[in-house]
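Look for chain A in each of the two complexes below; its partner is chain B in the first and chain C in the second.
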Partner chain A sequence: MIRKLASVLAIGLAIIILYGLQKTRPGYGEITSPITVSGKAGEKLSARNFELTVTNIRLAREIRLTTFGKDRLYSTSGIWAVVEAEAAARNESITLTSAAWLGPDGVRYDSSERLSNAPGLLTVQRLEPGLPSRALMIFEFPESEWPGGSILVAPTPFLALENEMHITAGLPDNAVIHPTLALVRGASSADWSIATE
Partner chain B sequence: MTALPPLTPRDRRLRWLSLAALIVLLPAAIGVRSYGGVTGWRAEQDLDPVTTEPGKTVSYGGAEWRLEGLYQLRQDDRKSAIILAEFEAKIADPAAFAAGMCRIKLSDRGDKRWLPQFLTPYAVRKARPSIDERVTCGSATIKPLKAGETVKMAETFLAPVDVTKFDLIVSAANVRPAYLVLR
Partner chain C sequence: MPLCQHQASATLSQRKAKALWVDNPLCGLHFHFIRRVVQLKRPDFISYRKRATTFVVAGLGAGAAAVASFSAALYDAAHPDQLPVVAAGEAVDTGRFTVTLLDAKFGKESNSSSSTKGARLAVEMELTNRSAATSNGYMHLLTITNAPTTLDPPSFFLARDNAILFDLHPNMPERVIATWYWPAQAAPPKSVEFSVASQIHKRRDNLYGAPGWFDRPPVAKVVLPVKTEAAP
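On to the complex of A and B.
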């Protein structure tokens, strides 16, 4: 009788342990998800293959960009975030093709493709070891998404176990939203300046 | 319910044999499952260098390779320089050469690697017009070639101006993890 009771108890215990493991252990997606490197804007962050420092974040309602001699105004029903950074490859040339704005509620906004001809865009720029270069990221999202937002940067959006930087934007509550930001091209394709209008 | 019959010596022996088999079979199953992944990973890595002496030829991936020269062209920003690598391959086995799908990198003889520029910069074309007669390593592998033919190749890289000692790394898919270091 005692032996039978012990068997039933052992089976019950095994079920409880397995249920606990199933509920508490990370799933395959979590195990192979990107490895986060966290930091704040202004800090130099180092991932396995690249380094990046967010140097400036500006918010605007419109962006003016001069392309091939023509001025073009990009408006939005939300707001623009124009993020300047300095980035370099660590050991091997790399292109960081994934940049996104993460809103406070976890909604992710990929960098805008509307300004794909803007100068110095991080997601199309080849970074070389030993040659830090200025880079630009442009995001478009609803106005409610900028407080508490973060910038996510990774070599690719989907690669398992690759590093992904989570950079807290840290914008003050009274951050200025400029009516218009003008992106002015410099002498080379990777050179630019930003003027407020 | 009826009580379970007591275990016989044979049952006990079988039970211990089963447990012992698990010790062997579990690692074997893990090994078999991961074998394809490990060999695939190795085939993508440059692990075993084949290093040449300067100016000497070496056989690798169906051809005899030789580095002709590395040239530095300083940029206006005074921080970076274009590195032009000129090299040649005398084809011994055209099929093996083509299957290698040549991958090129520039190394600082340490842990830094630069990938070739997609387009040859104008400054290089202007300084060395003969570069137009050369092909890139990748395009050489899709060109119809005959045994005994010599292919002249060139690649350009963007590197810091203060790095002055480089090796050219050639890696062929059908020979990896062995890779060639042209010094």
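On to the complex of A and C.
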């Protein structure tokens, strides 16, 4: 009788412990998530395979870009963030295919593919070790997401345990949202300048 | 004197216990007690009978469960749930996205560069990504259920730019035009009927315990009248 009671109790205890473990231990998504390298805009950050400095962040309601001789105005229901950076590989050539804007509530806005013809886009540029090059990231998100936002950069969006940079944008409270920003192509395909209109 | 002296037999020697077993083989209590003292060599028919009974009962139970679940599945398949019919212009919550079907046009699309013989069905809708990350999962939301033939998956265009749509960002509603290529030999549609699929988010899936979006059965049916446009 006591032995039966004891075994029932043991099974009950095991169920409680296992349930507790299931609820409190990190899940598969967390244990295979990217390894964060944190920093602020303006700082030079180094991950295992790449280094990157965010040099400038501009907000705008519209972006003007000339593609194949056609002048186009890109509108959005939110706002655009045009982020300039300097990036280089460290050990071997690399393309950082994942760039995202992380809102203050943890909502993730991947870099926009609408301006896929823009010059010097980070996500299509091949970076070489020791040769820092300018890179452009363009994000689109609701206006409420810019205060407290940060920029996430990683070699791929899916690879487990790869480094992901977590760069606090640190925009001032009175950051200007330009009505229109013009992306002006420079001499080469990876060269540009930004004009406010 | 009781039929079984199992209390007294606690002090019996193994030989006596064996003898008792022979005398009184059908006493259950006694039998269990002796079995703990003496390893029986002879076939244990009572135990076999019990095991057989257990097997049969368990088998019947499992069989009953299988029959019940199979017939429930059969019944469900024979009586599919009537999907709620949602009017055009009304939002459908599909879990990951909210979709509002607005209108449908049939004819040669002005933004189509191909000069194929077939025409196109262009369906305008408003899509909102309700999830916490940018996604292109809207592509499998809509299925035309009254298509004359099997249709290729549609192309999606962003109405704002008239450009191909890739991803939808969270909480940014967009006007989107989905375009189905309509085979030339198929009759032009008078109205199109859509079933709207759904997805749910699981924090931990059943295989890895990883978070993800998983398909669920359709949640709504939408019927849109089709405006036919004369070929330009």
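Couple of notes before you dig in:
The criterion applied here is as follows: the second predicted complex is superposed on the first by the 173 of 197 C-alpha atoms of A that agree within 3 Å, B and C clash if a C-alpha of one lies under 4 Å from a C-alpha of the other, contacts with A are read in each partner's own complex, and residues count from 1 in each chain.
Operating definition for what follows: contacts are C-beta pairs under 8 Å (C-beta built on N, C-alpha and C of every residue); 3 or more make two chains touch, one makes a residue touch a chain.
Please read these numbers as outputs of a predicted model, since none were measured by experiment.
When the two structures are aligned on the shared chain, A:E128 is found in touch with chain B, with no touch to chain C.
Contacts of A:P142 after superposition: chain C is touched, whereas chain B is not reached. Counting residues of chain A touched by each partner, chain B versus chain C, the larger count belongs to C.
Look at A:Y109: by the touch rule set out above, it reaches chain C but stays clear of chain B. In the superposed pair of complexes, A:S93 makes contact with chain B only, with no contact to chain C. Touch criterion not met for A:E197: it reaches neither chain B nor chain C.
By the touch criterion stated above, A:S75 is placed in contact with chain C alone, chain B being left untouched. Applying the stated contact rule after C-alpha superposition, one finds that A:K4 touches chain B and leaves chain C untouched. In the superposition on chain A, contact of A:E43 is made with neither chain B nor chain C. Those residues of chain C whose C-beta lies close enough to touch chain A in the complex are 132-134, 158, 160-161, 163, 166-167, 169-174, 203-204, 208-211.
Listing the residues of chain A that touch chain C in their complex gives 27-29, 32, 74-78, 100, 106-110, 112-114, 140-142. On chain A, the positions that touch chain B within their shared complex are 4, 91-93, 126, 128-131.
On the side of chain B, the complex with chain A involves touching residues 1, 79-80, 105, 111-115, 158-160, 163.
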